[in-house]
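Same chain, two partners: chain A is paired with chain B first, then with chain C.
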Partner chain A sequence: MTAQTPDRSRRRPRTPVPRGRVRRPRAGRVPWILVVPAVAGVLFLVLPFAGMLVRAPWPTMGARVTDPAVLAALWLSLSTATVATVVSLLLGVPLAWLLARTEFPGRRFVRALVTVPLVIPPVVGGVALLLVLGRNGLVGQYLDAWFGLTLPFTPAAVVIAQVFVAMPFLVISVEGALRGADRRYEEAAATLGADRVTVFTRVTLPMVLPGIGAGAVLCWARALGEFGATITFAGNFPGTTQTMPLAVYMAMQRDPEAAIVLSLVLLLVSLVVLATLRERWVNAS
Partner chain B sequence: MRPTTPAPTAGLDAELRLTRGDFTLDVALSARPGEIIALLGPNGAGKSSALRALAGLVPLTGGHVRVDGADETTTAVEHRPIGMVFQDYLLFEHLSALDNVAFGPRCQGSSRAEARSRAAELLDHMDLAAHAHSRPRQLSGGQAQRVALARALAVRPRLLLLDEPMAALDASTRIDVRARLRHLLEDFDGVTVLVTHDPLDAMVLADRIAVVESGRVVQRGAPAEVARRPRTSYVARLVGLNLFQGRGEGETVALDSAPGKDGADEVARVTPREPYEGPALVAFPPRAVALYPEHPHGSTRNVWRLTVEGIERFGDQVRVHLTGPLSLAADITPAALAELGLSRGDTVWAGVKATEVECYPG
Partner chain C sequence: MRDSSPRRAGRRGHRPLTGLAAVAALGVALTACGAEDTGPGDGADTFGDALSGELTVFAAASLTDVFAEIADDFQERHPDVAVTFNFAGSSELAQQINAGAPADVFAAANTATMEQVVEGEGLDADWAGEHGEHGLVFATNTLRIAVPPDNPAGIGDLADLAGDGVQAAFCAEEVPCGAATTTAVGASGLEITPVTYEEDVRAVLTKVELGEVDAGLVYSTDVISAEGRVEGLEFPEAEEAVNDYPIGVLANSGDSALAAAWIEAVTSAEGAAVLTGAGFGAP
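On to the complex of A and B.
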């Protein structure tokens, strides 16, 4: 027994010891009960992509990617996701400011409402949008009657569906950044004669810019992947409302190889955009 | 005719009352243009709250703020004629030093060019022209402080507020920065109110000191006056004096016995420099106390037999804390300590010459 008592002063033996017999402090060992699930988790996340790469029709890749139908869907996806992100920024940043910086009756309730699209299935969101903005919807009938505007089944509807689903990500992210920002800088600006709008644009916004950027990326990625609300509210018309995720789904029915190509393109675009933006912030901060 | 003090039209006239939870602040301040007032006090005394109330960053529950005769009590922060230097300066990280200083003039409606030229002028005045295009994080503590001061002065305030202006600096640079700040503040023609917990800042920077404890002003006066004649044990500790309360009875002052101390049966007496009648405060510096192993002979008028309570290093001296009929601190040389061979619990004779003892109305 006494011979096995670890001697703390000789943790590293001078004489070489066969591998595996080196005594290590117990705290240094990573418990297998955590390692095994962790490795399984990584495999689970990575394997599907590997499978996609293996099964991809590499010889015909060039021709398939430059197919006008693919390019149209890609262009529609990128442009609507970007417009949706811009709209979300214009509406979401002021909303986040209101939630983070002011006290008004029902503020907590509004905050809860804002997060609802995060938790409901997107299809349900699409149904709700159709009921309100559809041609016979609560608001939609007046848009039709007064302005001759019909939203459903147009690219605008794609954007609306994406904003509905993706904006909460931006609001939550920016609100968090605003709450974490040092408000004394805003006080300093006020003592220099800045009114609240000036404080917001010239001090608060620059301070929370990284948070806004992170929120915008989350929002853009979510909009790019939007499926349920889009297909319900905007439909699935090639060239008008058929975004990449919809095109992938349709291709899967008739030509699985085409689906793989579309998926790879979508994957590549998302990775490139995220990597570029991430790089920028890591360097900036 | 009732004697009334007319409120000064120029300068600051403020009465700051605010209640938050069980903390109450009640501080009156007045100053002429060009004067520098220091609010000196321990942490949590309410001096920062008073400064924030002057700025309008916290609302008053009572009182008023008048600057150059104009009532600013309910004026919004951004419209007050103030400039403020915050504790960590709070320079805007995304702007250069020049644009930080130009921020205020821009908010007041100056064109970009006007604001920048005013900012450049101020930075030049503060020997910072070379750092005009530096970002705040590239500046040293002293430089950041001057940029913050320039930024506050750029809006041409009538009331300049400084919140712990020296706290963010390391000890090695403080002496220079403090002297320089004093010099720059002398050029300002409005009222300056600065908040500090460091008596040295207050002594060097201010024309007048108001000592704040628990939300009240407990002593006001010129720095020399406060340093020589402290009115509370907090101030006495800050300026390094032994302070006692008592009653002048001609040649001697009978000290109020400290509650809870032994020897309450014996009233300690102190003989001050000049005879005094009535409630009095008595102060003398620790270095005026001499310690003897036996009752000393000679001219020393104040001699007490005391017990050693503690011994600590104090600069190149040794500070001996003594208790008995009165509690006091004595500064002696390490050699003297060695000679006396003192340790905790020993008894010793302490003597102070009457000429060293300051006595003033209590």
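On to the complex of A and C.
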């Protein structure tokens, strides 16, 4: 996926990494067979957004955006999505490493399981979470009985729903990066006496950092847009569990213009964050 | 033993064809279904039946089972008619209709959403002139307190929902059942803060069924459809928030005669019996 030139971080000057700029062959014309579908693809993705811009109630925009309820939903969305991404990184990167670098029985099965949340409708995921972590759930009933802890209808439940839905994106990205990375560096480090943890932290991790960054961005974006699992597992209460997508859905029921405003706010904020992060992480290589 | 390898080869060779065959079979099955629906209606009724064509009905999600049952009967009597449904939240449907979705009939779960359509897309002028400018109310639905069968919090009336540590689920105010909830709770003068405002009444029902909340406000029809997985308690304040279900022929209906016939079927004695059986009240 990425990291064809993985030794950026090691800063060894003796072999200059061939840059694309230098090696570019005589390019010739840009083939229309690629350009036409590409332009169609961009239009397809951008036009709905343009439609919202056209229909947005611009005169009342300022007042609507600074509504405390909107700001509360936005803050909840940004904070839960960020926490969910951190949790996904802590659990997902080791999982991706296990899938890419080790052999264990049932590994292919585990990989298939990891992608299950990508396939099932998020609402079903939310019900599944209720069945396991709910007040009467398989695990949840003990959390309640032993610690007095009930997860549904709390911000923690929002984070759990987001992690469930978004972490697979991170795992898949990072696993792809790991498989694309040149293993000879790891082997060299191992022959020089580094143990597996050292190899992982000093060699593997820096090598696949762009992949982890891309995965984290994808994960964050998915968590930010999460709706189905959240409303099912965490419910919908303003200030506690009502994230922006839920607020958009509720506004859509009564006042479509308000829904457009909320959507634009969410889009704008996420675009700014993603653009900033992409420059930093993804294009860093 | 001799035929083992040719068979394997043959099987492998046929695999893509099996897929094709499955698709073809599915196609046949689907066509067959369509044909079957119109099959048993070859009775005396059908002779000279002028109704034919496709009818698209947009109806509130709470009408799913009832309308499906009425449709079976309707298609039996009018074999050349194919009824297609779009069941969803009333507000969502109203927006789809106002955005130009092709529909002949709209049945809403409250008068407010029907009003959105009356002011937007509009009702068929002839039909509305005869049956009402704001649609025809064909059923009512009343709120109940739904509790899990074992009723762990010992809920008896609406006031119990205001108790400390009682977790209640309401519909969001933006959807019809939420508006009714607000009216009923307002009429009681109680201050009840639920733990969640759900996006529709089925979501409230699910939370109660799973025991995630101690109680939820749902409709009497939802209690019946849950078939014992929840218990429904009547409460007097619900009378303040009875929901009317209006139905109407839409202005851009391709076949307003067919649409009107559907509405007649819903408001007929047979239709009313199906509605009552599902927990709806008479208008």
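In the analysis below, the second predicted complex is superposed on the first by the 238 of 285 C-alpha atoms of A that agree within 3 Å, B and C clash if a C-alpha of one lies under 4 Å from a C-alpha of the other, contacts with A are read in each partner's own complex, and residues count from 1 in each chain.
The criterion applied here is as follows: a residue touches a chain if its C-beta (ideal position, glycine included) is under 8 Å from a C-beta of that chain, and two chains touch if they have at least 3 such contacts.
A quick note: this is a predicted structure, and the numbers were derived from the prediction, not measured.
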- Message: What does the overlay on chain A give for chain B and chain C, a clash or a fit?
- Response: fit
- Task: Report for A:T191: first if it touches chain B alone, second if chain C alone, otherwise both or neither.
- Result: first
- Could you say whether A:T232 touches chain B, chain C, both of them, or neither, answering first, second, both or neither? second
- Message: Going by the contact rule set out at the top, does A:V127 touch chain B (first), chain C (second), both, or neither?
- Response: second
- Task: Give one of first, second, both or neither to describe whether A:P206 is in contact with chain B, with chain C, with both, or with none.
- Result: first
- Task: State whether chain B or chain C is in contact with more residues of chain A in the superposed arrangement.
- Result: C
- Determine the nearest approach in Å between the Cα atoms of chain B and those of chain C after overlaying the two structures. 29
- Take the contacts of chain A with chain B and those with chain C, and give the residues found in both. none
- The chain C residues in contact with chain A across the complex are 89, 91-92, 95, 167, 169, 172, 174-175, 194-199, 203, 206-207, 210-212
- Query: For the complex, which residues does chain B have touching chain A?
  - Reply: 55, 57, 77-80, 82-84, 86, 90, 92-94, 103-104, 107-108, 151-152, 154-155, 161
- Residues on chain A engaged by chain B in the complex (per definition of touch): 182, 184-185, 187-195, 198, 202-203, 206-207
- Within their complex, chain A touches chain C through residues 127, 130-131, 134-136, 152-153, 231-232, 235-238, 241-242, 246, 249-254, 256
